[in-house]
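Residue numbering begins at 1 within each chain, and the chains themselves are lettered A, B and C in the order written.
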């Protein structure tokens, strides 16, 4: 295929990727945008002013969503890195079963467990709290971290640790100075995945948070469900924020070969 | 160690002292109840889809509660009232702390209320403790019965609403003004009408209008569920609804899944008629730019269904005293008048203005209305009582089986 | 100074992998396992006195449930097949240099970071009969009004739902394949080319089989998600039949408490079917 064809197809791919974002962005600066108007008749920043006003729920939800996603990502890294290390480095009896168990939440749809998890959390006294929401987000985030980290550790050279040990380094020193630098890119990818998965949760947040823990997806469904397309547009654009921040960070390091967010293969 | 044990013990005792046993509250005077509530919080679970309503509760009511009673009002927005019922049910089933429930108050009516009442999930018998309850005419059957279910002191009325249609005067100057006219209009204007599929609340209410029409009027359906009568009327209803199907939006192959979808379709000229169970919503939609200013709500000459919505306190609510103070405040003449202002919400009051202060009476007498909203008095001239939950459930299930499959 | 003989022992944690696994396993066992067990218990009507199969019998003998299952299977199969196919094409396209390749790769990844709710709303406002594309068509004089535009959302064939999943998952599949291609390098294909294979044959006979395991794994994730997600069909789906997860949620939020066990039974059915189908796909590989 010639470079020109690649350019054309690449362009089509990018346009198709961006197209659904266009009406979302337009609605966030529109008022009364009806068929058959192609572009809004009235352009206004009022939806943003309203969304960012002190009376609005949105700023607080933005903070809540970020904090929950950060906590869920951090927790799943703490739990997932050791598990990924064990799965990536060692062979042991029952390994296949463990892998299946840890990856099962990706295969079994959230709603199937969500309705039951509510009962578990109720008994643990974790419903209607941000802590409960963080914990329940581990169900979809942890498998991704284990998935990415076991791949990283499968290509990891454990001999370097042995060398450091033989030179007299203590285990924690080895983990900090040898292992961590080697797996850092993988940890970043796994953490980003976990953050984004938590950031997007709706059903689990609703069932466990009981409406008390208000995140951006909850507000998005509420506003879209009330026909407030302008407010929903603002929420949609805000929901893109972490993705755009990550892309901006990655873009600075972009090379000819391109840098990937998701190296989860 | 001993000190820690003592501290924990003290905490536990304090916990029990604060726990608001319903029976203890019922034995108190109103002043004592207010004192118990002071400094606490109240978690109000309510449908959260309208900014105006949210602001009225959070800012206006929440502000008064904070200033006068030092009570913090937490409004918890819901997409569906059943979510709150689910929370209470889950807590009660798991036996998780009676009088420690997360939900202190629910904006509720109809089948959700029946579910809570039948499941002993709602706290009863406290309503006459509220001083402002005297402003309400509990003799009025439309208030004493919530979708035909006797209220019996298990919830406090908040607003009255009545079903209304809406059209765009620029597009459809002469809309149909009764169910028979509507049925003819649908045939004459193929593809320009549809209704949300039950279990959508408003869609189910539309189907009940056709059902009432098929029964020959609301009087035929008053009283408890009657299977024989239902079967006869239902057969006619499904015939009518299946008959108009080819003339509906997308030939009736599919229906909108929510009232919001119909709202968007009306705004975008996909259909010509809209309807709502809260006519004030048409005014709000115009103000918010959802509908053009030419949108106008109107009633039907053969009547539209009306209902009352309420505030209920779950049996396991942690802050019953604060919830009572909140309910009492919501019933006050001033709060009901504020709520009736078109720019606030435009919701019809449940109190008898004549029993309120002179200022409140004056306020109600000079109430403005939004130009797009049909006057309450005009609509109220032909109000139909809601059917009991047994009827509404049977109609919904029947529609899904016979029309919307 | 120990030699290589001791290095095996020196690798930290080798002796007891279970210690490293225990925290993650516990969390999954309690949250996920507990959720499944309580969901199952709920579907059997436990907690309301006794065990009964009533909910399962009611659910399995209901035509609506089977129609919803059929729809959900169609959504999942169509979404997975299209996402895999386009994802593979995109990976093949983006692995070679062309002007703007870096930017294209970057923008290609954006979808990966977008919540499903946002994407579904975007698709709705783009493709509905009064959406952006429809307005463009009206502006160009192609249609008279919304009814003239084909029904692409809330439609019988779930086109809007499938469009959303394909839109969202093509970058996911594409990036996983790109990562695999990078680790494979150009060697296998160049070897085939030097033995006289055409570029297409080299791709089909050499590269594709090497990518297959990763493609199946990624495809299984896409299948499971598009089969079981509620957020997307609730916005983009038609009124009947509804996708199976939407049906489960309808029963869960029904004011009639008697339908809770049915909601749990449908949820368990979703889990069962997803697990079975993915098991079959993995074994046949």
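In this text, contacts are C-beta pairs under 8 Å (C-beta built on N, C-alpha and C of every residue); 3 or more make two chains touch, one makes a residue touch a chain.
Each chain and its UniProt protein: A, C = Spermidine/putrescine transport system permease protein; B = Spermidine/putrescine transport system substrate-binding protein.
Quick caveat: nothing in here was measured; it's all calculated off a predicted structure.
Among the other chains, B has the CA centre that is most remote from the centre of chain C.
Two chain pairs are in question, B-C and A-C; the one with more C-beta pairs in contact is A-C.
Here the CA centre of chain B is 38 Å from the CA centre of chain C. The distance from the centre of chain A to the centre of chain C, with each centre set as the mean of the Cα atoms, comes to 15 Å.
Of all residues in chain C, those touching 2 or more other chains are 130, 145-146, 252, listed in ascending order. Shown for chain B are the residues in touch with two or more other chains, namely 83, 264, 268-270. Chain A has residues 34-36, 119, 221, 224, 229 in contact with two or more other chains. Per the touch definition, chain C reaches chain A in the complex via residues 1-2, 6-8, 10-14, 17-18, 20-21, 23-25, 27-32, 34-42, 90, 93-94, 96-119, 121-123, 125-126, 130-132, 134-136, 138-139, 145-146, 167, 171-172, 175-180, 182-183, 214, 218, 220-221, 224-225, 227-231, 235, 245, 248-249, 252, 263-264, 267-268, 270-271, 274-275, 278. Contacts from chain C toward chain B in the complex involve residues 47, 64, 129-130, 145-147, 151, 154-156, 234, 237-240, 242, 250, 252-257. Residue ranges on chain B touching chain C, taken from their complex, read 80, 82-83, 85-86, 89, 93, 110-112, 114-115, 119, 191, 196-197, 199, 249-250, 253-257, 261, 264-265, 268-270, 389, 393, 400, 404-405.
Considering their complex, residues 31-32, 34-36, 42, 55, 57, 118-119, 122-123, 125, 127-128, 206, 210-212, 214, 218, 221-230 of chain A touch chain B. Chain A meets chain C in the complex at residues 1, 3-4, 6-7, 9-11, 13-14, 16-24, 27, 34-38, 78-80, 82-83, 85-87, 89-90, 92, 98, 101-102, 104-117, 119-120, 135-136, 138-139, 142-143, 146, 158-159, 161-163, 165-166, 171, 174-175, 196, 199-200, 202-203, 217, 220-221, 224, 229, 232, 236, 239-240, 242-244, 246-247, 250-251, 254-258, 260-265.
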